[in-house]
Amino acid sequence: MASPLRVTVWNEYRHELSDQRVAAIYPKGIHTTIAEALNERGGVQVRTATLDEPEHGLSEEVLNATDVLVWWGHMAHGEVRDEIVDRVQRAVLAGMGLIVLHSGHFSKIFQRLMGTTCNLKWREANDKERLWVVAPGHPIADGLGEYIEIENEEMYGEHFDIPAPETLVFVSWFTGGEVFRSGCCYSRGKGKIFYFRPGHETLPTYHHPDVQRVISNAVHWAAPIASATIIRGNTPPLEKEK
Amino acid sequence: MASPLRVTVWNEYRHELSDQRVAAIYPKGIHTTIAEALNERGGVQVRTATLDEPEHGLSEEVLNATDVLVWWGHMAHGEVRDEIVDRVQRAVLAGMGLIVLHSGHFSKIFQRLMGTTCNLKWREANDKERLWVVAPGHPIADGLGEYIEIENEEMYGEHFDIPAPETLVFVSWFTGGEVFRSGCCYSRGKGKIFYFRPGHETLPTYHHPDVQRVISNAVHWAAPIASATIIRGNTPPLEKEK
Amino acid sequence: MASPLRVTVWNEYRHELSDQRVAAIYPKGIHTTIAEALNERGGVQVRTATLDEPEHGLSEEVLNATDVLVWWGHMAHGEVRDEIVDRVQRAVLAGMGLIVLHSGHFSKIFQRLMGTTCNLKWREANDKERLWVVAPGHPIADGLGEYIEIENEEMYGEHFDIPAPETLVFVSWFTGGEVFRSGCCYSRGKGKIFYFRPGHETLPTYHHPDVQRVISNAVHWAAPIASATIIRGNTPPLEKEK
Amino acid sequence: MASPLRVTVWNEYRHELSDQRVAAIYPKGIHTTIAEALNERGGVQVRTATLDEPEHGLSEEVLNATDVLVWWGHMAHGEVRDEIVDRVQRAVLAGMGLIVLHSGHFSKIFQRLMGTTCNLKWREANDKERLWVVAPGHPIADGLGEYIEIENEEMYGEHFDIPAPETLVFVSWFTGGEVFRSGCCYSRGKGKIFYFRPGHETLPTYHHPDVQRVISNAVHWAAPIASATIIRGNTPPLEKEK
């Protein structure tokens, strides 16, 4: 595709404004760090949107101009209005890609699209995380080595209450003895969805080059395709009936 | 398992009471026909429940005593109360099996668990339907031949807006030129879900021995297993931290 | 990827030389028709190879310079030498894409990579084939409508003895009452594999614009990614042992 | 099924005869330990077979009387004759279940059915292994807790060169920093296959009650179903042609 992919990076953007530790790491917000990382890698036209903007920054106009939406949320999942969740779900089913990051596992939109609680184990103890590539030919693993190592991360552990991923790209090892399915591909309607685990707000995870690379790869993997309108409802036969 | 599987067959039970053609085929309701078919095949203890009973017949007590729930609904999906849908979803995630039949594709509970619209093409023209077995070793295909043939059925056609099934058991051919993924297995939480396409209310589909056999097979396939309580939330490490 | 994808189109190339009907449709061979179709759509650098060339045209040198291999064979599967099959398998596991067409279902390389007989039903009676898109967001369906219609084709019917596809893109309807999983994605090692059903040698299927489009889409979908060497065998620990 | 499942436990049976450490743990061979464990849990009729018996103990007669075959091999994979591998493959495709244990990942029969090298990382350093259940509703996890813990085991690490499992039941954590997909379900033809990782010959793994339980669960999960003969090859239409 010659034209750049239109990406919107959505962030709750609360921790950065209320917690000095987070602000020190992401002074312009997690969304800005991610947007800059995507821009550096090229092939995209990125905008950002945050919870406290009108319509959470996700108007019909914005979504219509979005090929792939990246989602980070944590403490304010409950404040995301249901009509915006409905709108994002409709956009995904119509083909918009969706990249859900870290604590976004508990977002309304991810739960809605999965049909499960998306609950898990967690621990804030700065475990080492090593994300092993288990699908080494997958475009989301492009350019990586055998694993991604993150020196300090929040632990997420199984059982992660999600539908079995259509493709499992990463499995994480944690110091404390847990594992996690940390890179999970889905399709819903015409849309592609990727869940990517790392990214605790008090840690510099989104400055990690391999983490940035995965998000960039995922955004390109989730690009919509050109496809004809699907016909549903009452339809006449294509062949002569009996 | 020595003890019989506890099955609840749920039916909207409206067409049978308002439409003479339907009543002629299912005089005691679709639920009763299915319940009798399950009983004949044995290994089960079956009860029924219908929309117009208190709590739609699906009290906490009933669900706690249900291993597998069979669901038929059509014209009154919107009347199923959301708190009952929440309750059934919780039961499925905790391990209860769910068999969704025919027009149940548009039920709130199926949409909830799939995360998609579950929309499709349809036509009431008494097409011939031939359901080809594409997973010939799967327990739901036990005892069948190469295909099930139904002389007259409502057509359902692709694209069916569901997540890709974890196992696709049947694909239907229709006279009018359409195909359909008509036997679809999923897991959500600890629960197993099977969608089975045939069963238009004006046709004697649920008297068809192979259709009965599939529903019986599916009920046994969807039986819950004994498994320990899953631990979620903040948890201490199992290994010494760094 | 700025540089063009290096595609090798392999053809048994026997029917065209021995059967006037086939020669009339594919005067320069099926491989040439496919190569031209790929070239027209761009982004590729295509060469061809045929059975009766030295090493079947698939020397180590050729495979090392091939990103994606397209395979058409039928009457002479048994003449493909086992060491060449070994070589192609190694190349796929190392990342080369493989597109297997029509009667290639019975090729040694496809059977080898599937682990099954890849047997099926067939009939040369010029059924109409309608390939329904069941994965409407998948890159291989890019630019298609709801289905591809081919007025005359050889019938292939279920049960098709393949592992369940990782993604099922197309399901075919045939006049005679059969269905077929006709677009099947797999990964093996670092390589991506796509099986695409249509293409009987006595029919002009590979001149059909939608068939050409699917092969072109599949070739781009199957492109290898850049990935680090995988380490296997006896390896020291990354963490301190107990 | 009222009648007991007919299980054959196959063992290479060489380490036990040549290595005192192994003989001390499995004095009658790994196969006998597993057979006894299956018998204790009931519902089966178990025989054993070993490499050095005529036809490796796997005559046509034995396979015809086997519902599920359990396979342990390691140092002598190359001595298993190809015609016996062919025979076992045919039996699996016809419906026989196959449970492949530990170092059986490199057996000819597993490689044949997978289509890949089945290569992996390994280390004999008595890592702790913790197998986390990631499919908590699956029959193979019946009766387990959240994980199985094995105090000392050989490490197997990713990337494991297998096709993506149709269902992933267990993921292992190892002390040394690796993870592994250690419980993998497949179907091939009418047969079901389960790969289960633990079981190094110098360690008492097959005396572990949870390991025994998983093998017992897997054997029952892999039971063949009754299904009609599949028709392949040239077949007449079921519907009137054009």
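Annotations
Letters A, B, C and D mark the chains in the order given here, with residues in each chain numbered from 1 onward.
Heads up, the rule we're going with is that a contact is a pair of C-beta atoms (placed from the backbone, for glycine too) under 8 Å apart; a residue touches a chain by one contact, two chains touch by 3 or more.
In this text, all values refer to a predicted model and were calculated from it rather than measured experimentally.
The minimum number of touch steps linking chain B to chain C comes to 1.
Most remote chain with respect to chain D, judged by CA-atom centres, is A.
Computed centre separation for the pair chain A/chain D is 36 angstrom, with centres defined by C-alpha atoms. In whole angstrom, the spacing between the mean C-alpha positions of chain C and chain D is 31. The set of chain D residues touching two or more other chains comprises 128, 130, 133, 135-136, 146, 157, 159, 164, 166-167, 175, 177-178, 187, 189, 230-231, 238-239. Those residues of chain B that touch chain A in the complex are listed here as 89, 93, 112-117, 119-123, 125-128, 155, 157, 159, 161, 163-164, 166, 175-178, 186-189, 230-239, 241-242. Note for the complex: chain A touches chain D at residues 130, 132-136, 146, 157-160, 164, 167-168, 171-174, 177-179, 181. By the touch criterion stated above, chain C contacts chain A in their complex at residues 95, 128, 130, 133, 135-139, 141-146, 166-167, 175, 187, 189-192, 224-228, 230-231, 238-239.
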